[in-house]
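The following pair of complexes shares a single chain, subunit A, combined with subunit B in the former and subunit C in the latter.
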Partner chain A sequence: MKETIKNTTLADRLLFFLLISLSVSGIFISRDALSQGSDVIVEVDGKPAYTLPLNADKRLSIDGPYGPTLIEIEKGKVRVKESHCRNQICVRDGWTSRGAIVCLPNKLVIIVGGSNKYQKQGIDAITG
Partner chain B sequence: MQLQDKHRVAILAAYALALHGFESLLPTPIPWLKLGLANIITLVALVLYGFRTALMVTLIRVVLASIFIGTFLGPAFILSAGGGLASVVAMGLSIKYFKNLFGTVGISLIGALFHNIAQLSLAYYFFIQRIEAVLIISPLIVLIGSLTGIVNGIISDILIKNLLKKDTEKIQNVVHW
Partner chain C sequence: MKMPKSCLYFLFFVCLLLTSCSPNKLSTYKKSKALMDTFVTITVVADSQETAEKVIENAFDVIGKYGDLINFYSDKSELSAINRSAGIHEVRVSPETLDTIERAVFVSEKSAGAFDPTIGPETKLWDFVKKIRPSDAEIKKNLPLVNYKNIIIDKGKSTVFLRKKDMLLDLGGIAKGYAADLAVQALKQKGIASGLVAIAGDIKAFGLKPDNKPWVVGIKNPRQKSSEDEIIAKVTLSDKAISTSGDYERYFIIDGQRFHHLLVPATGQPAYSCQSATVIADKGVMTDGFDNALFILGPEKGLELAKEMGLNAMIIDSKGAIHTTSGLQGKLIIERDH
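And now, the complex of A and B:
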């Protein structure tokens, strides 16, 4: 085995390092591109009401059965700043960059990350 | 095709089939991660006996393995056949035109790369049809493919050297390109 590795040509090694470096940098580039494409989707009463980019700071007030809910987007994260519901679960969730924040009394769902969340379809896995 | 060549193709295809079947039984952490052990046989056939033998071995292996595993003419078969054919053609061409440039390990890497490219394009055209998904997944697939390609190339190189050493009369049968 050592002999085989020693006998590899210069082109072999160049090809190997080229492929490895290209694919590793490709992984990082695609990950960056993916996180930039993230959106915040605000659903009121089960219907998507707003779609906002995660990388732009914004404040948003949404009216619900318990009064206005204040949503804040900052530095790629979302939180519910203020809500007039009883449990305050959504406020205690704090800053979130992935997943969802739910405020049941106000019928409010905030989904973070992955703008293609509702478009995923097709085959899960192929073997063989 | 002579009788001896037919025997050789049959034996090589049997080896490739056994490796392919064994590999499909191995549990893998990611569904589409495969070692590509059958490519060792393809590469050995290509280097020692020429392009036609390697092509026949690959075709027999892909078709029979899919019948045994139960994926014949299914999506997995299309991907497997496309990847196998692309890898044989790429390796055959690179042996023909860059024989002085690349060693066995390099040829194996080229084969692995084209195997992945063919599978990704086939998956895009027939099954996924979303270019972002393919682009996101392709660097990881190429990375894993290069690593397994290196390992397979090293194994093939050792195998080829041992085969050449052991029975010198086979050297007379080596196809001259």
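And now, the complex of A and C:
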């Protein structure tokens, strides 16, 4: 073994370390590329309160300063079904599968996943 | 004690790896917040998280304060004061509100009324969640209230007056772009040389990313096939703003016909010649205003106006065909499956 190492040149050793580095970083790259699935994150008063899978139909009621807000997840989309806030902007937003629904009076932000896929493709933001 | 050569090489590589992750290296930092009834994300290139947090929070404050001035739904906003005083008296406003209204009128004039910030009395008749479509009579009744020429601006006195009672000024079609401009200005004043401000789909990019490459913005497919977000094209940007208007944002379908929120100011009915219109320009206030105008005008007249105004644009017509200005050549990548 010692003899083998002794016989290697500088280039051999550089190549050896390069291959080791590449294989180690490869573990992280491939882990990152795996699909994580989309989540719905509900933030109350600026802090994450609930994380729910987007692919499981569910209803969630959250109390706020203007009473309960009813959030509905169905067929990979989310909406605010009912809210007692004055302007109903969150309800009028309707169903969404990406981005966020905001209810400022109830201090509620619903963030819908899905952008990770595009971050991996080097997309920094989405318009539309 | 003599260290074997292989160990030295190994240490050399470790040092290389460590220096590449040194804390003073420029990195991107991103933070989001709910402001202006939407989701705002700011990305900056900074030397530390502490610096990034400080400058982003300052930019959020700037957006928040501006949003309070022009909030259509808040009784306390300057915009609501203007609307309440329609047909009665003029209202003194801040320089930011005055500037936004002036620019809205500018876009209206240049687009011959295709964009009109006084469309409020028509939009309030529609409910895209409850699928409420107003009758033709209701639409017709409110049409005389829609005319940007009835916005009277006195720059000297810093006042705004709506000539007719029940007129409603709604800056929703231009304010997010204006806010993106304000936020970028605030970031630059704090020493940030590169970043991206995204107020929903109104985005402004400045400088380059740490890898010296421009920012990349995806343009949403107006007819995506799944519930997952789909991108129809990508565009590279630096020191430019981008905005998109589409018929997929708020809509309902009855008997196969799509009714959406982008109304023709002259008729009060949805515009049908486009699926989406994307505009790229130096200022967010221009992209946000003109994307509406181009959508209403359609691909031919829309691209003509874009060229005349020195804007770049991508319009997807009602059949899904993509039309672009020549200035986008080399900057736009259309996705393979479209």
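Here are a few things to note about the model shown:
Convention: the second predicted complex is superposed on the first by the 77 of 128 C-alpha atoms of A that agree within 3 Å, B and C clash if a C-alpha of one lies under 4 Å from a C-alpha of the other, contacts with A are read in each partner's own complex, and residues count from 1 in each chain.
The rule is simple: contacts are C-beta pairs under 8 Å (C-beta built on N, C-alpha and C of every residue); 3 or more make two chains touch, one makes a residue touch a chain.
All values derive from a computational prediction rather than experimental measurement.
Here subunit B and subunit C are compared by how many residues of subunit A each touches, and C touches more.
By the touch criterion defined above, A:T69 reaches neither subunit B nor subunit C. In the superposition on chain A, A:I111 contacts subunit C only, with no contact to subunit B.
Of the two partner chains placed by the overlay, only subunit B lies in contact with A:D12; subunit C stays clear of it.
When both complexes are overlaid on chain A, the residue A:S83 reaches neither subunit B nor subunit C.
In the superposition on chain A, subunit A positions 5, 122-123, 125-128 are in contact with subunit B in one complex as well as with subunit C in the other. Contacts from subunit A toward subunit B in the complex involve residues 1, 4-5, 7-9, 11-12, 15-16, 19-20, 22-27, 29-30, 34, 116, 119, 122-123, 125-128. Residue ranges of subunit C in contact with subunit A, taken from their complex: 5-6, 9-10, 13, 17, 32-34, 37-39, 41, 43, 73, 127-129, 196, 198, 200-203, 205, 209, 215-220, 222, 226-229, 231, 234, 242-244, 246, 250, 276, 278. For subunit A in complex with subunit C, the touching residues are 5, 10, 13-14, 17, 21, 38, 46, 75-77, 86-87, 89, 91-94, 97-100, 102, 104, 109, 111, 114-115, 117-118, 122-128. Here subunit B touches subunit A in the complex through residues 24, 31-32, 66, 69, 71, 74-77, 79-80, 98, 101-106, 109-110, 113, 123, 127-130, 132, 135-136, 138-140, 142-143, 146, 150, 154, 157-158, 161, going by the rule given at the top.
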